[in-house]
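Take a look at the following structure, please.
Residue numbering begins at 1 within each chain, and the chains themselves are lettered A, B, C and D in the order written.
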Amino acid sequence: MTRSISTETLEQMYEIMWRIRRFEEAAGAFYQAGRVKGGIHASIGQEAVATGVCFALRPGDLITSTHRGHGHHIAKGADLNRLMAELLGKATGYNRGRGGSMHMAAFDVGSLGAFPVVAAGVPVAVGAALGIKMQEQDRVVVAFFGDGAMAQGTLHESINLAALAQAPVIFVCENNQFAVSTRPENSLAVRDKVQWATSYGIPAWSIDGQSVDAVYDTSAEAVERARAGGGPCFIEAMTYRFEGHYFGEPQVYRTREEVDVERRDRDPIARLHDRLLARGVEPTTLDALNQAASEAVEAAVAFAEAGPEPDPETFADEVYSP
Amino acid sequence: MTRSISTETLEQMYEIMWRIRRFEEAAGAFYQAGRVKGGIHASIGQEAVATGVCFALRPGDLITSTHRGHGHHIAKGADLNRLMAELLGKATGYNRGRGGSMHMAAFDVGSLGAFPVVAAGVPVAVGAALGIKMQEQDRVVVAFFGDGAMAQGTLHESINLAALAQAPVIFVCENNQFAVSTRPENSLAVRDKVQWATSYGIPAWSIDGQSVDAVYDTSAEAVERARAGGGPCFIEAMTYRFEGHYFGEPQVYRTREEVDVERRDRDPIARLHDRLLARGVEPTTLDALNQAASEAVEAAVAFAEAGPEPDPETFADEVYSP
Amino acid sequence: MTAGHMREITYLQAINEALREALAEDPRVFLMGEDIGQHGGAFGVTRGLWDAFGGERVRDTPISENTLAGAALGAALTGMRPVLEIMFLDFSLLALDQIFNEWAKVRYMYGGQCTAPVVLRSPQGGLSWKSAGAHHAQSLEALFVHIPGLKVVFPSTPYDAKGLLKAAIADDNPVIFLEHKAMYGDRGAVPEEPYRVPLGVADVKRAGDDVTVIAAGKMCHFALDAAALLAKEGIAVEVIDPRTLKPLDEETIFASVRKTHRAVLVQEAPRTGGVAAEWGMRIVEACFDWLDAPIVRLAGADVPIPYAHSLEAKVWPRSPDIAEAIRKLVALEI
Amino acid sequence: MTAGHMREITYLQAINEALREALAEDPRVFLMGEDIGQHGGAFGVTRGLWDAFGGERVRDTPISENTLAGAALGAALTGMRPVLEIMFLDFSLLALDQIFNEWAKVRYMYGGQCTAPVVLRSPQGGLSWKSAGAHHAQSLEALFVHIPGLKVVFPSTPYDAKGLLKAAIADDNPVIFLEHKAMYGDRGAVPEEPYRVPLGVADVKRAGDDVTVIAAGKMCHFALDAAALLAKEGIAVEVIDPRTLKPLDEETIFASVRKTHRAVLVQEAPRTGGVAAEWGMRIVEACFDWLDAPIVRLAGADVPIPYAHSLEAKVWPRSPDIAEAIRKLVALEI
């Protein structure tokens, strides 16, 4: 079913997608400059997935994210300044500098955090959905994970547990064609994830993850269903990772050409751009949105740079809650 | 496809099934007498699965077993005396008294051991199949596990790994309707295990586990396929546990009636008995087989009782291999 | 100690009561685990709770330990207070990623954005408990004690079990609550009124001036037996039960060692790398000048746990071993 | 030590060479792990091996740590000698059921019917290695050291790394081979000829009479730096690298402590329940009468590892801390 997303919403998505991309580019620049030493896993090329899914959510809804999680946080509405400050390990970051890129969390907007142990966030999402259900709230939870995560046993366990408990969780597999160097066909013997997921008695879709409309439409349906007590479901979003597994990664496993073609033909932002033009939006409006995103990210960079390092003496604080 | 099992083979199966049952009964008697203190998980009611599967195997083929593993070992041809001695923790047991009921192993006949951590034997079976494949041997491996084990992540991981590597392993789920007190519908959201397993690109069957012919036929096909390089496959055998989860377990989760009906209508040994009669085998022949089985088990009990306790001073031997 | 009316109940009943009270007192508390519902759990610890509170609050689960641990955390992040039962602690090895990497760390690594009020309850230990063998009788507390962010509790009496479990459930940190399966039937006095035993506070189970023995769980009883025996021989043994293994109540331990000048450490777990080594090291760091003799450690052998009784009997220290070690230590001329 | 022709290669290259030799020498040896094939592994340790030996012997796997560990055991039971790479040791927590419950126990609990010649290679440790944070920088050796049936190796030089890995692969027991990821680029002399460094033998990396320092992995280098500094101050430090953490070469350690009468133990892992406690306890048990001063322990803080440099810098001991601790210890009047 195609829902009619308003042009206004699509414009907002457009800006968010640019925010994600600019954020990742800024992260890349920090990496290049040697300013961030931890691995940074950029989601460039995958912006439509985070955006389309999170636009289908309410502020009170929850997500669990991954090592490639900047986009999820931005799309869920996290404060760019505090995200960027966290990337730099500053005291002004969401986690007060303790998490960095791979452990971002933004409880204020419903992110229960990035879980860089592959698939580790998935059962946490299921438990959050159980918690919501037990408290009779009408919230839902999204578990983001990658194609590589599909091989982890906890995926099976989590879908099973959620399906048995009819927990309001949406499993979102971002199939970006790689788990580090490994292609999906070498990660997973399952060729048709929809067949697999539906065998647990839950609805499942495999969709074009480069089309933010498609992602939004399917997510909205899934969310509505879950919110209404219909239980969990599964979405595979077909996308592509434009950068290496992390910034600076050699990428012996694919050709430059392959990436170039993807960038040229399946850039989710360019697609949305064209779609908005087709809807009659002025190019200047789109430029302004892009510009606004860039400025927000620049401001975040400035905020992050201006922030203080965490006080070394606090390093042992809050291991335990009082 | 129904293969024509010779009457002679069916007679052998009949004796083996009685051996299993008598062995379990002897174990139960030891339990009653307070002679065995560890938990004993009897496979009474499930004899056709172990027997049908193992008759489809060659001596060089391998199995991994479970906490409910006596039957697998007997059917695979393990020495009854040494199995019974192990149950009593005697020095003459397979494991020299170190394993007991839940850790039986009989490497001499291809049992890589019972793994009582639910589903833990399954990846070991996959690895053994990989090892076999790398050594270009034409052996196959069977992984036995229960309906409760289906919920473990390693089931998914193991089937996936085996399917990717086309390893010669046959996954045999003994669906005996219970995981301790939990019914399959509360263990697993998957209603159709064949649909689930085939989504990994491997053949799968759900069969009547109380019919040793059906088990044998399907297993023979699966084994032949795997041996010929066709890769892994999955069998669900529908069976029923006549005893409690372990001897002495209260069974609040089912009625005596339910068990009585199963015992009356779906006893795999009684079924085979009728089938053999229908094939024209004399009742006296069947009695003789039953009698032979009883005598073998009695001899095993005598052997086990006569065996010495392990020398206490050896308790720390062989933690490491020299 | 709470005064009030006392009755004799078992260690198992004490735990059951703590769960029942916690469920009744706080709607955020719920239990999850394999066969804990109608069946009442493999050992019967949750018996009656499913009838009283229903299947939403006493949740039967599939056999999926790692996901159960992750789900407990997720529920906690939404404001619930889950108590997860793992049927035997041996199976918690399947769940250590969630417990060590997530439970223990989320609060710190998310910069204090959340708390993780989760409890793992699980029976451990052996000691002729049904000759359960290598996968059903391990003592694994040392693994948990090593991980920053966890608290670890290991009661030795019904009183402590109930009070510590109430405190564990009320604590905002992840708590590993270890039960000794050979002690489920042990009886002891427990007040009828609700009470808590604070985490992190050791208990001097017997006072004495000649030597300090530190032992938790079942070993604490063996130590007490040895102490009773030695009293007749004129040796006054002080027996300290840490009760909480992490954080450790060092002060009580140090005060005792500074008084007795001798320490004997007893643990059921395999010797190498167990909690007794940590106790000993801390005593050396803090009380070296008070020590009149080497610290003595008694521990389980460094072996997987064998099935046969004749072998199993060799694995763990018993009260005669403890008594003998103390005699030797006290006789030692420095 | 083997004589023969030496060259300078890195710790990473030394491990790579050991794997290459083992693959060439023994057809039963094979490697498995995530992205270890064409990609050469997350750190490049297996680079070139896939080209040389092909995808059957250098097997890329899906991300399924527990099953990979189980599969490695299964292959070993059919006569193979698998070497499993886990990308970061932090992720081995997913596989501990197989490693602790099966690898470590099968030989014993099956009564000697089989051996389990499996090797787990995995990088651990932090120390400004890319500010990796709480899930990519832990030092977890203490968990493995506690489990009977495992051997645990942790080399600090290219020479030791190569020789110990060769020995580990040749060993019939399960061996946990820990690599320090901050040392992959460290260079050192390594013979061109194949050689093995026996498991269970410590190495006195520097001799001295005043104080014994025990440290493995990266901490051994910090200890050596401290020793070099203190030599100028007239303090002769003996630095012992256990190299094998289990079984521990007690004799070398005890002999040193009986000579120097003072011991400093250094570990990167969180203080509580780490291997240093075990070292200290064993010294107390065996060398109490030789000790002239308390044993000093330097260790990582009991915190999850924070991301920011400013915080991370506070977590681990460095050579100035070690030097300072030694100075104080030597100055102590007993």
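The rule is simple: a residue touches a chain if its C-beta (ideal position, glycine included) is under 8 Å from a C-beta of that chain, and two chains touch if they have at least 3 such contacts.
Keep in mind that this is a model prediction, so the values were computed, not measured.
Undergrad: Starting at subunit A, how many touch steps does it take at minimum to reach subunit B?
TA: 1
Undergrad: Most remote chain relative to subunit C, going by C-alpha centroids?
TA: Farthest from subunit C by mean C-alpha position: A.
Undergrad: I'd like the Å distance between the centres of subunit A and subunit D, where a centre is the mean of that chain's Cα atoms.
TA: Whole-Å distance between the two chain centres: 37.
Undergrad: Approximately how many whole Å separate the CA-defined centres of subunit B and subunit D?
TA: 41
Undergrad: If you look at subunit C, which of its residues touch at least two other chains?
TA: 62, 64, 66-67, 90-91, 94, 97, 101, 108-109, 133-135, 148-149, 301-304, 306-307
Undergrad: Two or more other chains touching the same residue: where does that happen in subunit A?
TA: 95, 97-99, 103, 117, 151-154, 157, 160, 164, 186, 188, 319, in rising order.
Undergrad: Taking chains as nodes and touches as edges, what kind of graph is this: line, ring, star, complete or other?
TA: Contact pattern: complete, every chain touching every other.
Undergrad: For subunit B, which residues are in contact with subunit A within the complex?
TA: Checking each residue of subunit B against subunit A gives 151-157, 159-160, 163-164, 186, 188-192, 195-196, 199-202.
Undergrad: Flag every residue of subunit A that touches subunit C in the complex, lowest number first.
TA: My answer: residues 62, 64, 93-99, 103, 105-107, 112-113, 115, 117, 120, 122-132, 134-135, 141, 153-154, 157-158, 160-161, 164-165, 317-322.
Undergrad: Give every residue of subunit A touching subunit D within the complex, in rising order.
TA: 36-39, 89-91, 95, 97-100, 102-103, 116-119, 148-149, 151-153, 179-182, 186-188, 252-253, 309-316, 319
Undergrad: Show which residues of subunit D lie in contact with subunit C when the two form their complex.
TA: 66, 90-91, 93-94, 96-97, 100-101, 104-105, 108-109, 133-135, 142-143, 145-149, 246, 248, 269-270, 272-278, 280-281, 284-285, 288-289, 291, 293-297, 301-304, 306-307
Undergrad: Give the list of subunit C residues in touch with subunit B in this complex.
TA: Listed in rising order, the residues are 34-35, 37-40, 42, 60, 62-64, 66-67, 90-91, 94, 128, 130-136, 301-304, 306-315.
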